[in-house]
């Protein structure tokens, strides 16, 4: 294409003119380990990559992955260079594969594709099957299908065990998220609630995905179990203030409560199933 | 324009070109700002595919916002007018949000801006259907404001029903405006809409001057106010709609730029159009370079920075005694 | 020659100008007089093509409706009653706007434009104000600047709605003289006036309107008679004479 040609020529000219030394050398590609190098630019993609890929393959993960409030694998992520998800950053890492979320960084994904990168996009996980599918996709992309198959097999085995031990009588439950948000159907937290043997009252009332529930509506639904899922509790916000509403606190004192950190279900990972055990421990 | 005005306009153009060059020279990596290009094997791709589109879009979008702000303030003879007023930008935002909502923003790199352009054109068509036949200013402006509110409400509604909290967050971020990681494809997408938009605005220049003396005098000078109205409204919808479709909502440029220029170029609307184009480009490019010079962290949004840069100037102008804000020559 | 044939202006059910036919000659200064709401401004706007009307207006035999917008603007200049200037631009820039019909888009001011602007500003005694922003002018000064704007068009037909309404006595006289002079040099000037002495003194022809109808048309001495003023204005006038010219002063309102 003549335009591309012209712009490349302009680029070369400008390179000569600028003649500024690079301040950042690209890391060598991971040819020595025989598998593609990988960069991920989305919190959920990061954690799947950290779970599935060989540590040698990982060039960079996004900054959120190293934040313990957001990520279950923060410690692991902190060992890698962190990126903020811009195309220019990623070019400097020259990864063979970029793993991204289907909803974040639409322009960056498109630009990386245009530049010839392989970009794998992960849909948000709602069901265990979604988690398994994304594990397989990432495993495929990083050239470790066997590792993916093993992880999926373990995941499925764990689900079978959880189902076998599910309480016979479901317990009415409401998830309380900051800002009065709760969780309906079509949501990973709902999936995990079901696995734990709980009844998601909000979903029974027709809420799909996610929505908000006033403190009053929450109390009227009279759940047996309240699942509190805090997020940056130490930072003052209106959303967190709802979690300290006197009526809610009083209700919490009268009922069984359990706290599940948001990181467990903000992304669907094999590790998310740990939340099911947390939930079961809180059963009345 | 006076000879001095031509000189000042040329100076603005040179400054805008310099800001565009700075935009080519400054990058950003995980460690913060990067001067120059990095390794020679990366340089052509970084320059041609990442920084060039960013600089070009900064110029085009900033220029469009400045130009449209000056034209709309001239049309409405009201210094509070800004390009978001007529529903084109919120229509574009809504169109883009719909693309998000239906999950079309994935592999097709142009789905999002194309949705924005469709939204802007739909808003313009609705405006014309509502107010076109009457063609009086008040009806058009009120219809524009109503459409603006409607599109904003629909956008909020779409946010409520967003497929995932991440999609909602992405929409919110996008609406704060950004030039990051746009490609040349976006430049080619916006130009066919922006250029006719600019031409329509340029064609309205004489009509805007005539409107200084009111609608009747303008009509008696052979410059039909309705024609001026639709040139400006249509031109703004095309150009701003395209801009918003690609960069999200970059606030404040269209409002503040004409104010900053009046002490230098006088109050005659036609004399402000071209300087506002260059000054809008300058402000936008400077803001976009400033974003990359910030300490390491996620990029600030462009709309936030243009407001942070523009607001102090604007307040300074507003707080000065009015007489001092008049042209000195 | 400006010819009006059955010109009629309606705002919904209200008939602002009832069908009216007039022949107005180049060289004439015509005063359009009558009480408020008589239809004077509506008639001027109809001639200027600023509102929808029935009937026909032709200049030198050619209907104005057939002219394109610019040609029409070069033929008929119009000074509205409202003295609006929306931006504080310099007085000279305001006057130069009168040259817009003579310039194509993008064209700069020609020498002829500059000469017309200078001439018009001299006619209304505003050259000293040239650089002043219009928001720093007095009401009368602004009125003169705006009249200069209308004169700068140098159109063969000049329609002026109350051109001397806010002027001091000195400028009322000089501006009326300038308008009459403009007409004498080959133009038709139609001015809406409330000062009947000025109408009598400077205008060769007076058209009196009431309720949308032309109720008097002729030389000042024929039209501006005491009975007509009593009937149509509802005032008892004082009519005197000075240096052989009529002086008309409305003296007391008549019981309705």
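Lettered A, B and C in written order, each chain numbered from 1.
In the analysis below, contacts are C-beta pairs under 8 Å (C-beta built on N, C-alpha and C of every residue); 3 or more make two chains touch, one makes a residue touch a chain.
Predicted model only: the values in this text are computed from it and were never measured.
Interchain contacts link the chains end to end along an open line, per the touch definition above. Chain centres computed from CA atoms place C at the largest separation from subunit A.
If each chain is reduced to the centroid of its CA atoms, subunit A and subunit B end up 35 Å from each other.
In terms of their C-alpha centroids, the spacing between subunit A and subunit C amounts to 76 Å.
With centres defined as mean CA coordinates, subunit C is found 43 Å away from subunit B.
For subunit B, residues touching at least two other chains: there are none.
Counting only residues that touch two or more partner chains, subunit A has none. Under the contact definition stated at the top, not a single residue of subunit C touches 2 or more other chains.
Of all the residues in subunit B, the ones that touch subunit A in their complex are 24-25, 27-31, 34-52, 100, 103, 105-110, 112, 163-167, 169-170, 178, 180-185, 188, 296-299. On the subunit B side of its complex with subunit C, the touching residues are 77, 202-203, 205-206, 209-214, 216-217, 219-224, 266-269, 323, 326-327, 329.
On subunit A, the positions that touch subunit B within their shared complex are 3-4, 7-8, 10-12, 14-15, 18, 20-26, 60, 63, 81-89, 91-92, 94, 101-111, 113-115, 121, 124, 209-210. Taken together, the subunit C residues at the contact with subunit B in this complex read 45, 48-50, 68-74, 76-80, 82, 84-90, 93-94, 97-98, 100-101, 103, 105, 131, 133, 135-136, 146, 149, 153.
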